[in-house]
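Just below is one structure, and these are the notes that go with it.
Letters are used for the chains, namely A, B and C, taken in the order the chains are written, and counting of residues starts over at 1 for each.
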Amino acid sequence: MLYREAGDFKTSYREDSQTFPLRLDRWGYYATLAVAFLVIPLVINDYWANAVLVPFLVYSIAALGLNILTGYAGQVSLGTGGFMAVGAYATYKLSTSFPDISILIHILLAGGITAVVGMLFGLPSLRIKGFYLAVATLAAQFFLVWLFNKVPWFYNYSASGQITAPERTVLGWFVTGPQTSAPAKYLVCLVFAVGLAWIARNLTRGTVGRKWMAIRDMDIAAEIIGVNPLTAKLTAFAVSSFFVGVAGALFFSVYLGAAEVGEAFGINKSFLILFMVIIGGLGSIFGSFAGAAFLVLLPVLLKNVLVGTLGWPTDLAAHIELMIVGALIVVFLIVEPHGLAQLWRLTKEKLRLWPFPH
Amino acid sequence: MTPTTSTAPALTDPAATDSAVQPHVTADGRQIGGVLMDMRNITLRFGGVVAIKDISFDIREGEIRAIIGPNGAGKSSMMNVMSGFYVPQEGEVWFRGQRRPQMKPYEVARLGIARTFQNIALFDGMSVLDNIMTGRLTMMKSSLLEQALWWGRAEREETWHREKVEKIIDFLEIQNIRKTPVGRLPYGLKKRVELARALAAEPKLLMLDEPMAGMNVEEKEDMSRFILDVNDEFGTTIALIEHDMGVVMDLSDRVVVMDYGRKIGDGTPDQIRSNQQVIDAYLGVAHD
Amino acid sequence: MEQFLYAAEVVVNGLMAGVMYALVALGFVLIYKASGVFNYAQGVMALFAALTLVGLQNGQVPFAHMINATFGTHLDTFGWTLPAIVAIALTALVMVGLAIAIEKLVLKHLVNQVPIILFMATIGLAWFLEGLGDVMWGADIKMLDVGVPKGASEALMTVTEQWTGYGFYIDRLDIWAAAIAAMLVAALMVFSQYTKQGRALRAVADDHQAALSVGISLRFIWVLVWSIAGFVALVAGIMWGSKSGVQFSLSLIALKALPVLMLGGFTSIPGAIVGGLIIGVGEKLFEFYVGPLVGGATENWFAYVLALIFLVFRPQGLFGEKIIERV
């Protein structure tokens, strides 16, 4: 009886096209934000930050980025890991070359650089489609990882071949480096995640979002009604890569602190993000967060159950995790191709009618 | 409302050249202006197959122009040439008094040519409202940054175009399905949404590829009424391909008849009815 | 002259590697032609087949790791070793079982989905199989030996030594692989041309609807084609496994079949072979000439970038049919 739209009237088109047309949804959203910004930073500890919340936020950003490309514009990419690496190495080079400039600006610039690289690898999308393109994006994945591995300039000729985030502060708080506190890590990622989600929402509800979806649903028809496929696809690649680049930058500088490219940004990273998008829901902002949460929590949960409770060795647990994730992907594609987001919508639909479903 | 478009006196001569046909007013009071689109000696080949052979015809401002012919006559290919999707090997397309250079389909759309498709080409993953809004994409001017921040022109544009689109939604009587995903709609409604999307572009020339294919009698009547209303109220020039002879004769001002890629007739419905070649090739064979 | 001979040796070795790529690519083409599914899991299937083969041959207890962890037992092997030929036959049976399971549990429920959804489902399948292989047989690197000769071909070295003054180093395993691949292709051609099932398979590849309407069971065809692909994966797994051990990277090497397919076109068996040879030779030559200048290991990406560039200019591949778009 609580979740209702009755009496929630719209008197202008502007009101009708807002993000949360239902008052209750809006309140829920504000409440979530309030908890995220005001409550969690006070109670967060290192375990929760490192095991759950920070990776969740970072992966959410990456999933948002891939969702824009795959879920909205319909271009499947298997190069997400490689593009995250671009963001990471760009941040590393920028922050070590210009230590006086705020790391936040470096992270945004890294996103911009990734956007350019993404557009470059997006060019073939004009000629090739579907899984041809998916395989072509593997070229980006393998080439970029190789590049950062083999060209010492990218890792400042360090002997280990690793990159290590320099210590940087924002408003006097450490946000990168070993002295960073859990709340600081969390808040930096939260600000980026919320800001980028807002941007993603704006883009997808307006002109460019419709162009992307038109290309996704029927590219020939889209072109005939006036969508330039070149610009539509390239903006999708650019925007998506920007998000992914920022995610890569945060993943390296805030979350990991040090990274080796093959380890941190290998092909499995690409798949992981793709899976988040599929499980969360293709073409859904909320779904990107839901999918990221799901695949961040699942291993933590499995580890607690299999290793913690049953006492199984970790490698066995890891292999079981592979099986479960793989099976889940198949199950989701069969049962609910629109993922958790659609399940959530259906639940709300039921709730709206509850307790009088007829 | 019975569509009885009159036969204009100026059009009685089937061999009349374009310049001989003067702008005039039809018996039901619609303005027919000068030549809007002029197809000159169009030839289209796929490999060795000739889909269209040396066809010329024109479309005048304000009229409803039909292209008919049996299956495989090349009607849809002709429409694809008109919308720039196929590039003919020979011939010229003139639009609004200028020769149209070779263009990408999306550039053609920006000239003010919108169309519907024989096999509905809607965007299934989007709502009815979003589908119709895509019709106005060519008019959207806000930059990516403005859209990202939902600021300035981005928001104003959205509201402004939404108002325009709502008028079309009212006009086509599809208010109650505006938020429904298109994929869930029945066939007849999909056709109507597709018409709405094309109309949203406020085209100079509206092309309808078999707008009534697969519809029942009631839906056909609705669609005929909408087509006539669009032509009447907005003065939109309409080119349509149709199979249903009855509908074509009732709706259109002038008819082009194609058979095996050639033009075998061109004129008012009455002239077409009495054209022996047309009767042989089309009516006599395919009419049921 | 010396340089030229080196290069020639690189080319020959590239051709041999190319045959291996073609072998995996063949599995992709078969499934794609018959069911329109782009089976990303083909590489992992090769890994899985090789793992199973080694496990059966050495009499490993399946799931030993998990059983031990659960019940505190110390199971390891049954204490026997199977002759290679028996193990291969059993593994082939396992692959047929796998094909049936995939059809029943996955494909049946995804009929009429768009190709890209099916593609993503096979990625999920790949993860599942990878996990399953590890859980069943353990994740350690295993040696695979079914009696395929290995090591330098002395005869060839002597002959080339006499002819050119420079002895070519070619692994006998590669020669065998090439021969086996050729036989496999020939067998598949015969199968699809002269057997009832083969004709049904081609009919389905041509037109699903029409094939259904003349009474061909689509589900049977799918099981059949996935079984064949499983068998091809087994052969590829044996060859790759004998060469460099059975380990996870085997499934990544198998991924190179993807650019091979992009070159050759997804529907063409000759394309798969030619594409495989081009990629094999191309990446070896590139590594030989350019590799030393840029730090090596260019084989990781060369195939993909080559295919990418190629596709931009010829989207349908070498042998694919030209696509005419319609509305």
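The rule is short, and it goes like this: contacts are C-beta pairs under 8 Å (C-beta built on N, C-alpha and C of every residue); 3 or more make two chains touch, one makes a residue touch a chain.
None of the values given here were measured: they were computed from a predicted structure.
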Of all chain pairs, the one with the most contacts is A-C
Top of the farthest list for subunit C, CA-centroid basis, is B
Between subunit A and subunit B, the Cα-mean centres are separated in Å by 43
Between subunit A and subunit C, the Cα-mean centres are separated in Å by 33
Taking each chain's mean CA coordinate, subunit B and subunit C are separated, in whole Å, by 51
Residues in subunit A with touches to at least two other chains are numbered 220-221, 224
Going by residue number, subunit B touches two or more other chains at 85, 117, 121
Subunit C touches at least 2 other chains through residues 327
Counting only contacts in the complex, subunit B reaches subunit A at residues 83-85, 104-106, 108-110, 114-115, 117, 121-126, 130, 133-135, 137-138, 140, 142, 144, 147-150, 154-155, 157-159, 162-163, 166, 197-198, 201
Subunit A contacts subunit C in the complex at 76, 123-124, 127-128, 130-132, 134-136, 138-139, 142-143, 145-146, 149-151, 220-221, 224, 267, 271, 274-275, 278, 310-313, 315-316, 319-330, 333-334, 337
The residues of subunit A that touch subunit B in their complex are 12-14, 16-17, 199, 202-203, 206-208, 210-211, 213-214, 216-218, 220-229, 235, 239, 283
In the complex, subunit C touches subunit A at residues 38, 65-66, 69-70, 105-106, 109-110, 113, 115-117, 119-121, 123-132, 134-135, 139, 252, 255, 258-259, 261-262, 294-298, 300-301, 304-305, 307-308, 311-313, 315, 325, 327
